[in-house]
Structures are given as structure tokens and as C-alpha cells.
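These notes are about the structure you will find just below.
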Amino acid sequence: MALPVHKWTMIIDLDRCTGCGACVVACHAENNVPVQTEREITRLRAMHWIRIERYWQGAYPDVQARFLPVQCQQCGDAPCESVCPVYATNHSPTENLNLQTYNRCVGTRYCQNNDPYKVRFFNFFDPDFEDSLTNQLNPDVTVRTAGIMEKCTFCVQRIRRAEEDALSRGVSLKDGDVIPACVQTCPPGALVFGNLNDPNSQVAAALREQEQRSFRLLESLGTDPAIYYLKGGSSHA
Amino acid sequence: MADIHLLGLFNNLEAAADAIDRLHKQGTGDEKILVLSGSPYKPEMLGRPHYHGKVGLASLGGALLGMLLAAFLTVGIFLLYPLIQGGQPLIPIPPSLIVFFEVIMLGMMWAAFTSMLVLSGMPVFKAQPYDPRITEGYIGVQVTLDEKLSGQVEQAFNDAGTMGVKRQALAPAIDLNFRRFWGGGLAVLTIGAVITLLFFYDVLKINFPTNMNEQFSYGYEQGPRLAAPAESVPVQGPDLIAGEPASLPVPSSPNSLQRGKTLFGINCVMCHGAGGTGNGAVGAFFNPKPFNLTSSAVQNLQDNELFLVITQGFGVMPPAAENLSPEERWDVINYVRTLKK
Amino acid sequence: MPEENISRPSPTERGLPYWEQPLPEDKELAKQETEARKDNLLLDVRAPADVNRYMMDPMRRQSRRFWVLCVILAGGVLMWWGTWLYQAINGIGVEGIGRPVMWAVYIVNFVYLIGIGHAGTFISAALRVLKFEWRRPISRAAETVTLFALSMAAVYPLIHLGRVWKFYWLLPYPNQRQLWPSYHSPLLWDPTAILTYFSCSILFAYISLIPDIAMMRDHTTGRWQAFYRIFALGWRGTEKEWAHHETTQNVFSYGIIPVMFSVHTIVSWDFSMALQAGWHSTIFGPYFVVGALFSGTGAVIIALIVLRQTMNLKFFLRPEHFNGMAMFMLVLSLTWDYFYFNDYMAPWFAGAPVDRTLNILLQSGAYAPFWYTMLICNALIPALTLWSKKIRTNLTALFIVAVLVQVGMYLERIIIVPFSLARNELPFSWGVYTLQAPETMITIGTFCFLILAYIIFTRIFPIIPLWEVYEGQALHGLRKVGHYLLHLKSAE
Amino acid sequence: MTPKITRRNFLRFATLGAGATILAGCANPRRWVTLEPYVRPPEEQLAGVATWYASTCRMCPAGCGIIVRIMNGRALKIEGNPEHPLNQGKLCARGQAGLQLLYNPDRLNAPVVQSGRGSHQFRAIAWEEGINTLFDKLQGAGDQVAVLGGSSMSGHLYDILGRLTSAIGASAPVIYDPLVSMNGYVALKDVDMALFGKAALPTYDLGNADIVISFGADLLGPGLSQVRYGIEYGKFRSGRLGQRGYLVQLEPHQSLTGAKADLWLPVQPGMEGLVAQAIIDLIASHSFASPDPLRVERAKLFAGPVDLNKTAAATGISPTELLHLEQIFAEAERPLAIPGGGLSGLPDANASLTAVQALNFIVGMPAGGPGGMSLSPEDQLSKLVVKPQPSSFSDLLVLLGKMKAGAVKVLLVLGSNPVYELPLQAGLAEALAKVPYVVSFAPIVDETAAQADLILPDRTYLESWGYDVLSPAFDLPVVSSQQPVVTPRFDARSAADVLLTVAKGIPAAAKVLSWTDEVAFLKEVIAQFPQGAVTGDNGVIWERYLQHGGWWPAAAAAPQGPATMQALPPPPLQVAAPQFLGDAGQYPFFLHLYVSSLLSDGRGANLPWLQASPDPLTTVSWQTLVEINPATAQKIGVEDGEVVKVSSPYGEIEGYIYTYPAMRPDTVAIATGQGHIDYGRYASQHGSNPLLLVGAQPAWASVRVNVTSTGRKVKLSIFEWKPGVEEGFPNQAFPGG
């Protein structure tokens, strides 16, 4: 059965992002991302599928923090894919998704080296979910064990559920049927998610209107990311 | 009379050449003569015909085999499993070329080695006419001919100034060990390959747990069951509102019954049994046993009560609220009604 | 050939064995020849019976020190296995890696060992093809270095796997997972090339070993003889055997040279295929090959010097060999300089932000000490020392230089792998690699294994290819004989 | 391989697995997955239907509506309730992390008695025994019972407590926690009372404002309603009103709001009030083409003499900037002035707050219309429901006084953790020592519970009943419903039920607390509500109220806002420069305490998700940072990761230096939240508690401190690569530009 071709796309409006970190925790909750202890983080092993990069602009007193949420860019030509020797990560042309199959990963970590955004995270040890915390784990998402590379999947499990519901109801996906956890929770609405192939979708509209503000991260590398950023604006009075 | 081997040892080349000349004079054909040496000499130096080996040809064949293997590894795999990676074409030429090169070389050299052994009749484990001094620079000239003629051959050796002559009875023409070695080796390989394949395809199976088969998370339909909180109302809406009729019951239509039958098969049969008589396979594990749905005790219940039981579960019976939408629950109820005897 | 008009010397005036050729009567000539024999092995003809003894005596009895060393090395190997088990059980996290430095010492060792593994084949194959006569005694020592270096190099990719117990998923074989490995990935080009190179190197070494094993078989008794009998495969040295032997060796020589070049090129592609500053460079292929030969030659020199001193092989290994190898190393050092400059120049000139950051890091940043040490060891020291024949033939000096080259080349790999990875396009995710105990122990352990295997090999199999030496010596002698024969021919 | 083949194989495997699954399900609590084709992620094969329950988030007092995803009777994910008027489907980090409070491994699984306070010698007892003990104690105490509660306590619990205490003649419950005090809610109410004649909390229509001057208010931070103001900020930036909005932030240490502001002014700590006053004076003295000429008139009501240079010198804001602020504010169509909670921590809190609120009064925005400040309308519900009334710090001191005087026999602590939250100077320790019996209802043993004799573990908000009257509620009065979304995982009982049971035995209380359990009580409360937006036609239907997550009117009620109120003629306003506590020589730095974005006032410290997530501005987790300006760090010779001792006249703590470019060189900033001794494995032994630096009076925001190095150095558990971020690439700007 021929699935409709979705080009899942996310827009991140840097002007709206307040850096509150709701997306980070929402992602942890949705995707069973293990938390790292203080010691592990000091060893550069922090693990957050979506992170808010904070840069400084200007010098005191005119200095201000700038936030740049970075997650897997779901590249069209992903550098991380072609280096995987076991097809653990491969491309879904029908959805422009960068799929990660945890079960296949043998942990060569080559994808992380070859990933210019450094948004892939490696399980250096087995995750420890203290006894009763396991109740919360999302059964839709595999809990990764030691030696496995993981990354943002655009909440592929939510996409699948939406697709299956649509199939069972015999209708096609509407804009807004699929919303990743981070987008769902973002208070200022800095994150927008949708199917770029659908001209009426929110993302398509936003990109049309905000064209001059939009850019893609490290686009010059030719990775064809599926995440568009909208530059932070400024107003004067 | 039987043929025998005569081995004459010489400590320098001229003498050996001389001996061979004399043998030729006696009319001994080159095919009967064999020269043994500790380091390679050109046969011409001893007036022997040049020997043309077939190793080169064999290694060419090996290269061709390698090419086929490479073709399968690259093109074959890419076609069998058309997974896109990194915006590359399905059959990326440059990587394939690398594999082709390496595997061709592999085939060529392995073939060269094997053919070297096979063509020169190695390995040999039977006793052969030989003398340790050959690895001390001596040259051995071995003649294989009828015992009667041994005398004149020894004469020739002595005239050429041999350091000694060895005679040895002719061993059986065919070396069984040789066959056993190659045949046995081949057999072992084949059997091994077959058995491993059986393992690879789980025909033979060692059932050890692999990573991530056991999950920390509590999956659907599993775990110790936790009942839905009493009196709480889900977002999907209350199943029953006190004093109100059940929310939109589905009338018992053939479609509804059909759906109900299917859902019953998926959700209920394992405990309540196909006939609903409470003799399901899993139900056997439980005490008290699952209800007999055909019994009047059940059939006399109101629709609403059945609905609540399905929704919230009853005793060990898990709530189906998560797996069945309200409409589906009504389908099941309609079907259960038909089980009445 | 027509039999009648051949005249042969009568038994009385029969020629002597080539190892008993007398010195020329003329004093002057005799003096010259003795001189020539001193430093040229192939002219210094001895009776093979004696030469065999030169080789076998040191193999027969071992000093106490040798056994102590073996025990220590074995301990090292056990340490390696223990640590590996510990790492496999706890997770690769016991290593010092973290974001974004995902590859570190293990890959460095891998590249370094593969590099070491190059000189062996190069010397035995390339020099053979090019008919360098002086290579004869040293070729096997070099090949052996290749064998064990490669076997260790092949282990490292496994050590560095996150889930080593699933390593077989990297192998192409039919399976119920319904999937084969992906040949898109450089990580699969590697094993393919290494499999070819490794297996063929083994066969190549074995082929040239067969006649010498036969020699051992002839000169040992009892259990050892049985052992050698198996591996000699019944070699007698018949014309047929020698002929096949010859062809096969040629096939291997010509075949394995391009493979050797391809192997290290492919190893370099692991890096140059990646979108990583300091990696993404077209020069990497040849640059790595040269670097490999460079460090490999150094390693072989070290091995030869040690063998010569410990196994008393002064008869076989003479100044001429060290001289040749040292010159070879000098040339390679200069070539390495050129390629490194090439690799450094392009990013410097382009001045992309990341590359510039990386260069700053190496020249004036935290990693400057490593960078300068590398340059001194790889470029400066060889260039300053190896031009002089005195140093080239002075084993102590040469040994030191060779060791320094090893240090330099190891640092080079460290700079390429973990240091480059520490910088990328997003400063937020820069990082650093800190060495931890486990990988140190594993590294030491593997090198212990390498050395242990090597010294044990030298005690079991002749580390000098005697038959090649005889061939060389005999041919030297034979020229006269052949001349004589021709003279007779031309006479009639 | 083609998807079809995979699918078929998967189905085969799955059916093989189904039987095994059920059996495993009965035996083995873990999940058993049968062999799948390894190329497809298991994320692609999903079964089961989730149930969602609507409830209310109690991670902070804001009271966002949430819906919780339930599968297999387990709560998997919290999301904002899309129907809820306050947060409109959005949620913040702390709200998302509530699940780990529910499933926290350190929760008590039974009531316990402690053999000696602080001994941690706990003995589990049966619930009956626990309740009986509580009953006996209350019996014995007569009217000498005191209740100390937290501001995020459910309304009905507060109601029951109120009825109980009044019935037995004890003093009303004291509601206090740092969030309340640091937001200055109590002080603000007084100011609004004085200015607008109504003691209600102000809400700010950020989304419809064009010029916003925030006097240290961390709108986007955790203090106020982070979610609602986040949504508003989104609108504010969306340029719906033809402009992007202009946000000015005055604060000594850059907060999230400061980072997003268009103009960030590092004002000297405590001087925000002066700036506000200067603006008022300027408006009064100058006359700009203001859209509303009355503004000047109103300004005159407050204005005093203006001396720009003096103000500039005092505040560190240059005269031109002051003029600029005044001009844009006076000329703007819908300007907005927002007072920071920090102002309430100043000696003359009242004056500063009044100055800022006066600005809003001067603007004179018509209420109901877009933009401007309005007063929270929840008072419309005051006749229907009770909500916890936060007490001031002085009320708290009164209670402590009574305790010290031995006038309290039994102390009940619910939903607050005073031992951790109160400064040492407050003398809680000796007060507690005077109390014969302390009962804590904490679900996890926190610092206060460790000082209690009896702990009757309450249920966490995701498994208990309740409601929350939003305060501040923005445009509508809202009662947000709270119901159990899962059956309790631990053997805990709701405090309300416990109290109702106990009350049965106390004749006085039994009369006023006749309900069998809290649900009955709640039903009765809700039943009297008029028809709401989501609660059906015939008045409130309890089920609908639970299903949709609360009650709120269909449309906005009568317009609320300054315009409807007659401002009492105020005296000429005179904000004085605050007197900081501590000698400037001995304590050279101002202390800037701020609420941690993730751990808030410390109640989030036991949730791994919040602990391990990087703080947005420092990207550091698990640790307590002492943030100082890099220049200052150089001056006093400390560097990142150095362990320093921060000492104030009242106490001293240890922390790790983090050089923070965006803050005043004369200020030291420390976030609250860390430094727990108890409160679970994730909270304890991490960082240190800056509240110990504060003295025993409301002026928590006016303390001076000193920083001295201990010479030790640690690795920061930091997410960013600090040198990289600070150097960046040679001549390269921030990607987002």
C-alpha cells in the first residue's frame, strides 16, 4: 500500500524561544531518555535529545544570551547514515525521517563523529531507572541499553500512532495530527511541526511568510536539514 | 620386476649435471628423473627441460570467483535490501569498486596458494626418497626405473662422483593421505557451513536472551495490572454517568456482531474461551476461574453493568478501557449476548 | 641438445661445491674478495650445514632472561583480556571518551598497528619484485612484524565496539535478521581490505617459510620433527615444487603490493570520508600510506636490531642491511614531511573557522606540546641524523632514531583522531578526551601480545629465510660455473 | 527488503509472541518482546489505546491544567490541558517532571513514627495506628494546634483544615513557602488594595502590550506562571499588532526574561523602585504627545521633584536611558510596567511596588481591552470555594513565636518544608524543640519530616483529589479540577481523608466535618457551581467537571482592571534607596537570590529529570553555582569550578564559581533549590542552600555577601563547552544572528 509522502519538518522560531527547557524534559518523558549523574556529566556524557545551546552576544553591559535549540536535524542527506555499517540508521524517503534502529546498533559511534550537529547520544553504560521510576517508561519507545547510539526521532512513535489511527479511520493525516513532545509543550509556540508537502500546513505557511528570516543550521554542509530556524528579530523604540 | 627409486646425492652442480647427462646417454627419459635441491636452480642449468606450472592460470580463475563474490556482496546486497542511506544511490559505484578490488585480489591469491599445494602434490605424508643433506646444499638426482637397470644408474652416479646413492622400493602410486587431506578438509568445511547456516536461520536455536528483548518498561497487556482509579473520569468522557443512560450504546447489528466477534477473539478468548464458557487457555492459570459468559448469572446482568465490568475490569480481569473504545465495548457486549444458551 | 659434441670434465677435475670455491691466486684480488665478503652476506659464502647451525643454535637454547620476559609479557596479555572483559561487562563508558570525542586510543592503536604492518610486506614483496638482493635475510623478520601487528590491529575495532558481543553483525553472511551489513560504510571497506591483506600476508609468509621448515624437519628429531613434518607438507625441493613456489611467490608479490596500498588508503578513508575538521582531506590516502611505511620501516629496524643482538645473528644481519633500511626510512621521512605540509597547508590557506580553530589549538593551544614533539620526531630528527652513514650503521643511534619515529608517528595518530574530534562547527559541543586506565592497560596488553608472539615465533621458525640466502649465495657462485659452461659451449 | 516481507514476518513473530506475552504478563513484571526483523525500529509496531485524565499541576502555585497519558494503569506522560484557559495545552519543564514525583523511589510506603527527631530511625506502622495516634494527640492538644502549609495545597484540604482549626478554636493555618514570598504576592495585594482598592493579584496582558518595562520581574522564569507568560511572550513577539513589542528588563543578573528583552539594563540591586519613580516624575514634568493626555495628570498625583543625575548615580542607569524609558513608556499605546518579586524583599518593599504599580495606574488602560494590567478575578468565586491564602512572613513569625512560647502542642505540616525553606535566624529549630508533637504529611522524608515524630504520607497530586482556584487567574475565574489519574503506587492516604476521619472523633469538629470522605466533600462543593463553559447545560455535572479539567465561565465576567477602580489619592511617592544588610567593607557584594528555572524553590530537587537537565542560562546541572562577573572573578582571583565560601551576616555556604558575563560586577547571584539534606536520593548531598544566607526578616533581597576561595577546584557538571562558547570561532557570530 503506497503511503502518502510526508516531508516532516520543524520550524524553530528563535525569536520566540525563551529557553525555558520544557522541551528538554518533555523529550526525556516521552522517549525514555536516561538521566546522567553528576559524575557522568562532568565526563561530557550529558544526554538530551533536544538541547538548548546558549551563546553570548556582545559584551557587558550590552551582553545578552541567545538560545539555539538543537536536535537531530533529520537531514535529507544525512552524513551519519551512510557511515553506519549495520543499517542501524537509515533513511525513510516516504517521510524524510532519519530512522534509528536501536536493536541493530553495534556501537561503532561513527555516526556521532560524522554528525556535524553532534545530536547523537551514546549510552556509555546501562541506564539505571530506579525501581518505581520504571512505571513511567513509555512502552512505545525501546529502552536503550549500553553501547547503543540514540537520537531525536521526531517522536516517530507518535507519527506511527497518528498514521495508524488515520488508516483505521480511513482518512488521511491532517495538519496537527502529529505533534512531537517538544512541540506539544513549548509555551511560547517557538516550535512548529508539520508536513512541508502539504501547502496548507502551518509549517509551509510559516515558511512562506517568514521566508526572509528562515535559515537552516550548517546548511552549507549540504545536509539538507528538515529543521528550519527563524532568526531572532529585534525591535527599537 | 618392480620399479624402484634411486637417489644420488651430489655436493655440486656440475657433478649433478654430469650425472644427468650420463643418465640421458643411458637412455633414461627426463620424465624418470627428478632433481631435489635446497634452493631453487633453473632446470636448464642441469640440462633439464623447463617446467611450465599452471599456478598462474589457477590464480586467474580465483580472481574470477572473487569478482562474482564481490558482485554479490555489493550489488546483490543493495538489491536484496533496498535501504536508502545518506542520500546515496541505491547501488553506490565507488564503494562497490573498493569491494570488487579487494575481493578479486583475495580470490587470486588464495587460488594461487591452493593451486601451488595441489599441483605440486602437497601435502605428502608417505615416506619419499630423500636425504637431509639436501637442505645442506646437496643436490639429489632421483631416478625411478626398473630394478634391473639400477646397476648402470648407480654406475652413472659414481662416475659423476656421487656422495652416496639411496635406493627405495616404489611406494603405492596414489597417496591416500593426499586425498584424505583435501577431501576431508572439504567435507569438514561443508558440514560446518551447513550447521552454522541452520543456526543462523534459527532452525537450531540456542535461546539466550539478547539485548533489549527484556524491557524495563511495562508494555501493553502486560505487567502486574493496575486498575483504573475509581471515580476518576478520563478525557474521553465518562462511560456511565450516575442516573443517566449509558452513553450511546451501539445497537446490535450484523456489523456490530461481526466486530464484536473479532474483538472478543482478540481480547477475551484467551481467558473466557472461544465459547465464552470460561475455559480459556490462560484462564486455567487463574483462581477463581473466569466467568462462564453463557451462564444466566452473566446473561442476566444489565448492559450497563456488563459495560462497567469490561471498562473497569472485575477481580483478576483487567480493565479493557485502554484497548477498546466505548463503541467497541458495546460491540463485544452485543456479541456476548449472542452466547446465551 | 645434441649429445655427441659435448665434452665434460672427467671425474678427476670435477668442480667444487660453490661454498668451497677457493680465493683467487692473485694476492690483490684475494684481499679485495675477503674485504667484500666482510660486509656483503651474499659474497661471504659458507657451507649451508654451518649456516643452518648459525640459525638453529640460538633457537635451540634459551637464556633465563628470555623466559622471565615471556612470563612478564604473558602477564600483560592476561591484563589485556581481563580489562577487556571488564569493559564489555560495564560498558564502553569505562573508557575516557565523551561527546564529541567518540573515537580515541583504540582507533589510534588500530591505525598505528596497521601502519606497522605495512613495511613487512613492502620489504618482502616490493623489494623482491625490484630485485633488491640485500633484502634476502631481512624479509622474513619484516613479514613477521606484519603478521602480528595486523592480528592486533584486527582486534582493535572489536575492542572499541559498544556492543562487542554483536560484532558478527558486521560480517556478511546469510542470517535470520533479514539484513546484511551496509557496504555504504567505510567501516566495512576496512575489514574487507584487512581480511585480504592479513590472510594473504599469512599465506605469503608461510609460502616462503615452507623450505626452511623442511630444513628444520631435516635437522631436528622427535616431537619437534613431527611438528615440522606437518608444516613442511612433505616438501622435498623438487623442480616442480620450486617452480610452483616461484610462480606463487610472484603472484603474491605482485598482488599484495596494490592491496597494501589500498589497505592504508581505506583506513585513511575512515577519516577523510567524514565531515570532520582535520579529517575531511583528499590527501589522506597517500599521506597515510607513507606514514605507515615510515613507522613500519622504523619498527622493522627496531626488530632487526633486537634480533641481531639477542639471537646473535651477526652473520646474517650486516651493516649493509641497516644502511639500506635507514636510507629507506630517511626518504620516507622526507616524503611524510611533504604530505603533512600538504595536509596542513590547504586548510590553513582556506582558513575555514573550524580548521583555523583546530590549527590554533595545535600550534598555541593545549595540544601544542604534542604537535611540536610530533614534528621534531618525524621530520627533524631523521633529517638531521640519517644522512650520515656513520649513524645509519651505528645500531645504538639507529635504534634511538627508530624509536623516536615510533613516538612521533603515534602522536600523529593521536592528533588526528581524538584531537581533531574535539572541535566541530558548534562551539557548544566542543570537548576534550582524557586518557583513562582501562584503555591504557588494554593498549599495553596488546603490545605485550605482539612482542610475545614475535619472540616465540623467532624461537620456533627460522627468522632468516635461509633458502633465499643460499639462493643468493649459490647464484653468486654459479655465475662462474655458468660462465664456464657457456665457455665450453662457445668453444665448439 | 521490501516492507511487505517485513510486515508479514513481523506478524508471524508477533503471533508467536502473543501467547508468550500473556503468560509473561502474568508471571514476569517486565516486557517480553519476541524476535523482530531487526531493520525496523520497534517504535513502529504499536498497540493499545491510551487513556487520558485531566487534572491540575501542583508543581508550583500557578495551577496549570494537565492531561495525563495512562496506559496499563500507569502514568506515562503529562501534557497541558488544551481546554484549560490558563495554559492552553502548554506546560513547563517542572510540570512535565511531575511523573517522577508520582513514581519517586524515595516515597514512603506506609506511615512511620520516628524514635527521635532527626534520628531517621523510622518505624513503619499501620494506617489505623497512625490515624489513632494523630487523633489522640489532637484530643490532648485541645486548641493548641497549629498548621503550617504550602501554597500549592489543594483548596479543599485548606478548607477542611480551616474548618477543623476553627472548630477546635486553634489559629488559622499558616500558608508559607519561598515561591510565595519571592513573588511578593502578599505585599502586592496590599499595594493593589492601597492603589486600586482591591486586594487582588495583578495580571499583565503581555501578549497585547507594545512597550513593557519589567522591574526585575522574571516573567519567563519559574516564579510567576511560567507557562502563561511564555504563551503571552509568544504573542508579544508574533507581531500580531503590527509590531514586535519592545521589552525592557531592569535587573542586576540576566534572567531568561533579560535574555529575551530588547533592552537589558543592569540596574543596581534594589534600585528598581527609584527608576520607576524617576519615570513617574519625568512623565509628570515633561509632556509628550501621549495617546492619553490624562497620563500626565495621573502622574502628577504621585510625582515629586526629579533629580536625574542623583537617580542615575544611585541606580546605575544613565540619565539618557531614563529619559528614553520615560519617553517610550509615556508615548506607547499599551505600555506595561511589571514589578519584580525581588522588590518585595526590600526594606521599603511597599514604596517600590507602589511606584511600579503606579505606572500602570498612570497608563490608565481600559480593562477588558487588550494590553495593560488587570486584577485577578478569582474573588468572584470567594462565595463558592475556599482557596489557600498565603500568609506574610510576619504571620509566620507570629506562629514561630507561639511555638517558642510553648503555646503549640501539635504542629501539622502539609505541603511545605520550613526547615529547608526558612533562614536559620527565624529560629525554627528552637521553636520546633518547644513543640511536643510534630506531624508531617510529606510523601517523601524531607528536612521537616525528618524533624517530625509522625509522618502520615500524603498522596502526590497525580493520585489525589482536589481543586485549585487559580490565583492569579488571567481573564477568567477558574477552578481547576484535580483527580487521581492512577491508583496509588504507594500505600499513602490523602491528608484530607485522614483529617476527616480524625474529625469524626472530635465532637466540635465532627459537626462541621460530616463528610465521609473528601470526594463527597468535593462533590458537594462543586455541585453549587453555576453553569460553566465545559460543564454541561444543567449546571455543573461532576463528571463533566472532572472530564474537562475544571470549571470556568463561558465568557469573561464583568471587566476587571484599574479603570473601574477609584484610586485613593496617594501621598507624593518617595522611594528611598534600600539599606542593604551587612557592612559594605566586610561584605563587598550584593547577593542576588533567584528562583532556579528547574528546581524552583527546591521542591523540584528530588526529580532526576530536573536535576540532570541543564539550567538554561548556565547549562549546569546537579550543582550550586556562585555566579559572578568574569571581571570580578579576575579581580578576586577565582576561576570557573573553584569552590568558594559565600558568607553573609547570617550564614555561609559553599558553591562553585561560574563566571557569568551578563551580570553586574558588584553582585553575586545564586539560584535556590539545591542543598537538601534529606528529601530523597536525588536531592540530598547536591549543592548548598542559599536561603541560609538570608536573615530573619522579610527583606530577603537586600543582603550583602563576601566570596572567599577555599582553594579547591571541581569539574562543573556542565553541558556546554564553556571556553568554546565564550571564544567561539574567530570572527563568527551566533548562528541565529
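Some notes on this structure:
Chains here go by letter, A, B, C and D, matching the order in which they are written, and residues are numbered from 1 within each.
The criterion applied here is as follows: a residue touches a chain if its C-beta (ideal position, glycine included) is under 8 Å from a C-beta of that chain, and two chains touch if they have at least 3 such contacts.
What you see is a predicted model, and the numbers here were worked out from it, not measured in a lab.
Chains making contact with subunit A as well as with subunit C: B, D. Chain-level centrality, scored on Cα centres against the all-protein Cα centre, points to A. Looking at which of C-D and B-C shares more C-beta pairs in contact, the answer is the pair B-C.
Distance between subunit C and subunit D, defined via averaged C-alpha coordinates, is recorded as 69 Å. Note on chain placement: the centre of subunit B and the centre of subunit C lie 34 Å apart, centres being C-alpha means. One inter-chain figure worth recording: subunit B and subunit D are separated by 62 Å, centre to centre, where each centre is the mean of the chain's CA atoms.
Subunit A and subunit D have Cα centroids lying 29 Å from one another. Looking at subunit A, residues 46, 51, 53-55, 68, 79, 81-84, 87, 90, 102-104, 134-135, 137-139, 141-142, 148 sit in touch with two or more other chains. Residues of subunit D in contact with two or more other chains: 1, 31, 35, 38-39, 48, 71-72, 74, 720, 725, 728, 735. Within subunit C, residues 163, 166, 176-179, 181-182, 184, 426-429, 431 each touch two or more of the remaining chains.
In terms of inter-chain touching, the protein chains here all touch one another pairwise. The residues of subunit D lying in touch with subunit C in their complex are 1, 5-6, 9, 35, 37-39, 720-721, 723-725, 727-732, 735. Chain contact summary for the complex, subunit C toward subunit B: residues 1, 3, 6, 8-9, 11, 14-19, 47-49, 52, 163, 166, 172-176, 178-184, 189, 192-193, 195-196, 199-200, 203-204, 207, 211, 214-215, 218-219, 229, 233-248, 251-252, 255-256, 258-259, 262, 266, 467-468, 470-471, 474, 478, 481-482, 485. Considering their complex, residues 81, 83-88, 211-212, 215-220 of subunit B touch subunit A. Contact residues of subunit A toward subunit D in the complex are 13-16, 18-22, 24-26, 28-30, 35-39, 41-42, 46, 48, 51-57, 59-68, 87, 90, 99-104, 130-142, 153, 156-157, 160-161, 164, 181, 184-190, 215, 217, 229, 231-237. Residues 1-2, 19, 21-26, 29-35, 39, 47-54, 67, 70-74, 463, 483-487, 519, 541, 543-544, 546-548 of subunit D are the ones that touch subunit B when the two sit in their complex.
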